[in-house]
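Both of the next two complexes hold chain A, though its partner changes from chain B to chain C.
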Partner chain A sequence: MLLYTVKRLIQGIVTVWFIATATFFAMHGVPGDPLMNDKAVKPEIRANLEARYGLDKPIHMQYWIYLKNMASGDFGISFTQQNREVNDIIREHFKVSATLGILAIVFAALGGILWGALTALYRNRAPDIVIMFLVILGISVPGFVFAALGQLSVVEINDWLGFTLFPVAGWGTVQHMIVPSMVLGLGTMAFLTRLMRSSMLEIANSDFIRTARSKGLPVTRILRKHQLRNAILPVITVLGPSIAAITTGGFVVELVFAIPGLGRYFVQAVQQSDYTVIMGTTVFYGAFLVFMVIVVDVIYGFVDPRVRLE
Partner chain B sequence: MAEGTLSWERVQVEREVETVSRPSLSYWQDAWIRLKANRRALISLYLVIALVAFTLLGPFVWTVDPAAQDLDQISVPPGADRTATVVGDYSPWRGVTATATADDGGELAAPVSVSVVDQPTTNSVRLRWDPVPGAGGYRVYRNRYDPEPDGALGLPIAEILNPVNVSFEDRLDLKAETYFYSVVALDGRGRESPNYTTATAGVTRVITAAEAVEKGLIDNESDVQLGDTVEMAFHPLGTDYLGRDMLARLMHGARVSLFIGIVAPFFFVIIGILYGSAAGFMGGRADQVLMRFADFVVALPFLLFMILLRILFNVESGDSGIGPMLVAMVLLSWPAAARLVRGQILQIREEGYIGASRLLGAKTNYLILRHMIPNTMGVILVTLTFAVPSAIFTEAFLSFIGMGVAPPTPSWGSMCNEGLKTMLTTPHELIAPAAFISITVLAFNLLGDGLRDALDARMRATE
Partner chain C sequence: MSDIAEAPSPNVPDGAAGTGLDVRSLGQILYLGGIGVVALGVLLWLLAQWNEGGAGEAVDAATGTITLSLGGEPPQLDSTRGTDAVSFNILGHTMEGLLRYDAENRLVGGVAERWEIGDTTATFHLRREARWSNGEPITAHDFVFSWRKVLDPVNASEYAFILYVLKNAEAINNGEMPVESLEVFAVDDRTLQVHLEQPVPYFDKLVAFATYNPISEAFYESRQGRYAADAEDLLYNGPFTIASWVHGASIRLEKNPLYWDADRIRLNAIDYAYFTTDPNAIINLFKDGKTALAGLVAENLDDALQRRWKIKRFSDGAVFFMEFNHRPERLTRNYHLRKAIQAVNDSPELVYKVIKLPGNLPAASLFPVWLKGVDGYFRQEYPLADPAPDDELGRRHLATAMEELGLSEPPTLVMLIGDSPTAKKQAEYYQNLYKQKLGIDIKIDAQIFKQRLAKMTAGDFDIVAAGWGPDYDDPMTFADLFASWNENNRGRFDDPELDDAVDVARSSSDPKTRMDAMARVQQILFDEAAIVVSYERGSVYVSHPRLKGIVRRAVGTDPDYTGAWIE
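Let's turn to the complex of A and B:
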């Protein structure tokens, strides 16, 4: 197990290096000079920046400086926002995005497992048909529509109640978090429900369930101890990719609900061509996603020893 | 044949020979029959065909220019009343003047008998009221909603600083809807009284005969008389916030969305086939190196790199941005298809018929082209179908955050982005493109399910 984890970690580091390299050369392929913005940069600032990033040096030296900075966790200074380091931006806004994302993934996973199990139990009966119809809808509707509808329903709910139960936008209290995270988790929940359903049905036909049944175990015990536990395994495997989906989905939800998360900053940086912020956040997000996939895989290795053999 | 008793003639035995009752089906014929039996998949297939027809043939039927602005009908929902009354040329209004009675010194009262003079039209709304004793002037507010019960008066639209003038003519951007005008008295120092009176004006759309001719609604000015009604230009799905026809924009937007949704998967699946079959066929060390590289590309955060690639292509605002988006999608999406094809090839390589073919002297190229790729076609087709919805989603997402196609080129995603801003007042601008995206994605998802069931017994969904 330890060997497996170490192997995955090394693979992950190589992947992050690959991402960092790809980002570096992508940004250097951009024609023009990132320092030549609309407003002229003062010569001394320019000199400082050039010295810090070695912009006057040949490209392989710049690459080396860049890797050294990245490895020591220095992502540089924002070009458009005065006096802000990319590290500060990430530190300040990532926790917001992370909170939103964690809530969304918990909501999606719990909902997906619950609905999936329910549809499998009521196979081809009314609850199954209704939920699966909603699931297909959930998979086919883009996230930003959910975000818009979520915001609209918040307005309606508050109107109906006569007081503000859920704020329409912003961040800070628990009430702020509930609707955006539910909206963010919906698509993933639909996907997980579908996965959980087919996994439940597949397990229902397996030999060990038949054995358990013939032993005369109570139905609830078979369901709890045998069927559910095994059916959840595939759901765990896709949690890694789901985190990626929720991360990018978070961009939209943060934009719509005006949440000061890193995703919104990234989109803003892209719109303002703030190169250091783009590079920093890309590498950071890339490293984060790679790390999350490894975590999920290692957890999966614990839960299901069969994978470790591969 | 000396012995006549012994005959070597063939004995005719009546035997039940297994007869072929119908010609054997090819893989594709079989798949087609299965697909036809699947109602959901078949309906989805028709839907996809209808959507393609909508975008390709639609513009020939509905020839409205998607960029043309109809400034008389801005943000008009579908099915709205579009009649306009023909009126004469606008004649200026002198207004109403009156002097108030003596001031009693208290708080300024609300103006009384605020009323709309003449018929309120899109040309002008004329208000008058009785002077308020002690007022130094008046302020007029306009709102599209009833100010009650919250006292939301709307925007201050005019300030009258001479208390003798007790009338106001509104000619500012009037639409054919109901407006709530609230009049408040100001004291000598311009401070506003808390008391207000609201008057309602149901504005009717008017047009002069000359304007109607200019807009092509009628042929000659003499065709209509004052008081007649003419129909404004028809917009089946309404107009957007710039008065552009939604139906025409949806048709042209479908072009971008479906083009990217179909062409991008097509190309990356082809690259995936070539890459995957090369890796699978070569095997060994080369296979490992190739697949490790594919793993790295998979690990790249897809959307982040898509955005980076767009910057790399130096897409300026105003460029359509379709090309870069396509290239970025193809560059980043092929590994999944490559992995799948490689897995298939590895499996097929061990099959008996490949060995037999090789024994007959088949060359490598022949093996790949004649045996391996056709046998992976089913899986590839299913992958392709499932790749379409995700490509459409990606396009919509990128356009939504402003990284996709640039205005004025319409795409469903960018139309949603624009519609979102006016979601609360004119929801049709968001609903129409969102519905189109959802229906398209739904159709491709269901079609993919059907194809998977029809083409690949192993992947058949447990339903």
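Let's turn to the complex of A and C:
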């Protein structure tokens, strides 16, 4: 088991190295560089700027220096936020993205399980049809539409109430977090509802439920102890990848709700050709994803010995 | 996210739990759901403790605080190295140079209480009561230190060029002379003596620019390379200080009690609580009463009108134009081809029917209407005849061009543009216009910011949609843009007559001679069709009815809240 974990970790490190290398060369291959600005500068000044950031060295040297710094956990200083270290940017803003992501996933899981159980209970009747229609909407409408609609609704609701129930944008308090995390979790919630529904239906027909029923157990007890418990398992399984997807995919929501998360930096850095921030955030997100996958794999390894043998 | 096929579930009767579908099952689910919601609430509360933030209402008369949104984190508050609008805006509220602009856009004394500007010398007498936020007096040495810093090649300041009027400045910046050879002297603590390379009639306007701000040497050195990195890594001498700065999230300015003119400042705090460039977020925050000012875009203008908000406009100073590539290998080097495109240009149509945002002005001249000339406004003193679109003339020019270029049919040209929706809308308009009127095909090349700059610099375009904003309040800030030596002349327009006119305007101290020369620049750009001007940009915005005294301007701190108050 230890050997398996170590093997997976080494694979993970190789993957991250590959991500870093591919990003590095792709980034340098794109026209434009971080030192370009609205106002053109004289060649002399440009040379000084290049020297300051080490861009005057040949590309393989830059790559080597970059790898060395990365290995020691130093991503350098941002080109656009000229006084900030990339490490600080990640530390200060990932916290916000993580908060948003965790809330969104909890919201999605809670809603998904509840709605899924409900639809299964009312199969092919009015609540099921209505909820499943909403689920199709939730799956097919892209996140940025929900974000914009969500914000607009908040404005209208506050206007109608005459006081601020939920803030329109910004970050920091409980009220700030609710609407963005709901918007971010909506797609996943719809997906989990479907999953939960089919899982519930499958289990309703299984032998142990029939046994429980024939034993004369109360319906509520069957539902809680047998049906829900077993039906939740596949939902838990897909939660792992969903966490990574939501935490990294929140940048649209961050943009619309003016949330100081890392996703915004990730996107802006690409637009600004901010080399150090592009590398820092890509490697960080890459490592985060790889790590989540490894954790899931190792847990599987514990649960299911067959995984280890492969 | 991938979807999964719904698992087949044969033989399941309606009502999955069989006979169990009853109020109790539903009650069970609701009960579990209730527990979940409570748990979610606890989690929310815990996470809120881990994060920081929160802001008040748009205006708060009791505390004298206004809340605003800002375009983003200020990238560089070191005045020797800052280049962007957000940084300059924060600097404009927290710092002060020798001179500043008042609410009526007149130059008034800042740190300097008196000044004399001669032909090639200038002397500034500093106020005794001007202090840094640590209580130390501001001295002439603070200016000498920061100006040398700007020009020090190691500092690689991108705005160093704006100090090139100082004696020896350019040579220092090129690394040909040591920084100590800059001919700017602290005669004593309160007298600053400046020598200029040549007469600079607008030198007083230059020193109001943020790159000319003072920096305390002792403080700068004490930060050991972290100067301006955080709120406590700056010394302030302006109306406000930065009280708190949560990176990427908010900046709060509070009144500076040590500011020499503190009695003039009526607001106690300016809270930039939201960093966003999203037009919808900006307008929604304003609607919700959370911010005191919001810029409008064409998409939310109708909404603003319906709500009967008082919409205000101002000219933000910038001019937008189609710049031709004049490099030898390009078709657009052909005079008649450029004249053909110029002839069919219809600026009013673009402004009123395509962009449709009030505030923008149709234009034919590179020099915007707000620039001052000899006595009044430059454009009134030197009007540029702007002929109506003439398709027939355009086709004649095109025929000549095709003959000269040896083309059998109208050419295809590459138009380089930015990736904003407005840029695309505009480019599609031009594409259609040139096709219809001249039969010229336009290939639109939309690029994100840095890539567009890279292509502009490399000359990888036939026409580029470009713009220029003023740095200082003199027509020269536009006039030298297309001089052959200017690095920002991306189309490499090269005309000895224009260079001559720029030289005259730069070195003469007689206002009439200077403005005549500027007018020659204006005429040459039009006659040679070096560029085709699209419009002068105006901005429209709404502000809180109780917030008074906001100043919007083309040159200098904008928007300027230093003189604002809550009614």
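Assume the second predicted complex is superposed on the first by the 223 of 310 C-alpha atoms of A that agree within 3 Å, B and C clash if a C-alpha of one lies under 4 Å from a C-alpha of the other, contacts with A are read in each partner's own complex, and residues count from 1 in each chain.
The rule is simple: a contact is a pair of C-beta atoms (placed from the backbone, for glycine too) under 8 Å apart; a residue touches a chain by one contact, two chains touch by 3 or more.
Please read these numbers as outputs of a predicted model, since none were measured by experiment.
When the two complexes are overlaid on their common chain A, residue A:F24 makes contact with neither chain B nor chain C.
Contacts of A:F94 after superposition on the shared chain: neither chain B nor chain C is touched.
By the touch criterion defined above, A:T15 reaches chain B but does not reach chain C. Judged by the touch definition given at the top, the superposed model places A:V267 against chain B, while chain C stays out of reach.
Legend: residue contacts after superposition of the two complexes on their common chain; A:Y66 is shown touching neither chain B nor chain C. Counting the residues of chain A that each partner touches, chain B and chain C differ, and the larger count belongs to C. Applying the stated contact rule after C-alpha superposition, one finds that A:V168 touches chain C and leaves chain B untouched.
Judged by the touch definition given at the top, the superposed model places A:A148 against both chain B and chain C. Looking at the shared chain after the overlay, A:T282 reaches chain B, while chain C stays out of its contact range. Residue contacts after overlaying the shared chain place A:V290 against chain B, while chain C stays out of touching range.
Counting contacts as defined above, chain A residues 30-32, 139, 148, 151-152, 155, 198, 201-202, 255-256, 270-271, 273 meet chain B in one complex and chain C in the other.
Against chain C, the residues of chain A that register as touching in their complex are 30-34, 36-42, 44-45, 48-49, 52, 80-84, 88-89, 92-93, 95-96, 99, 102-103, 106-107, 110, 113-114, 117-118, 120-125, 139, 148, 151-152, 154-155, 158-159, 164, 167-174, 176-178, 187-188, 191, 194-195, 197-202, 204-205, 213, 218-220, 222-224, 227-228, 242, 245, 255-258, 260, 264-265, 270-273. By the touch rule above, chain A contacts chain B in their complex via residues 14-15, 18-19, 22-23, 26-27, 29-32, 136-137, 139-145, 148, 151-152, 155, 198, 201-202, 244, 247-248, 251-252, 255-256, 266-267, 270-271, 273, 278, 281-282, 285-286, 289-290, 293. On chain C, the positions that touch chain A within their shared complex are 1, 3-4, 6-7, 9-12, 14-22, 24-29, 32-33, 36-37, 40, 43-45, 47-48, 50-55, 69, 73, 75-78, 81, 83, 153-161, 173-175, 226, 228-230, 233, 246-249, 273-276, 278, 280-281, 284-285, 287-290, 448-455, 457-458, 487-488, 490. For chain B in complex with chain A, the residues that touch the partner chain are 295-296, 299-305, 307-309, 311-312, 314, 389, 393, 396-397, 400-403, 413, 416-417, 420, 423-424, 430, 434, 437-439, 441-442, 445-446, 461-462.
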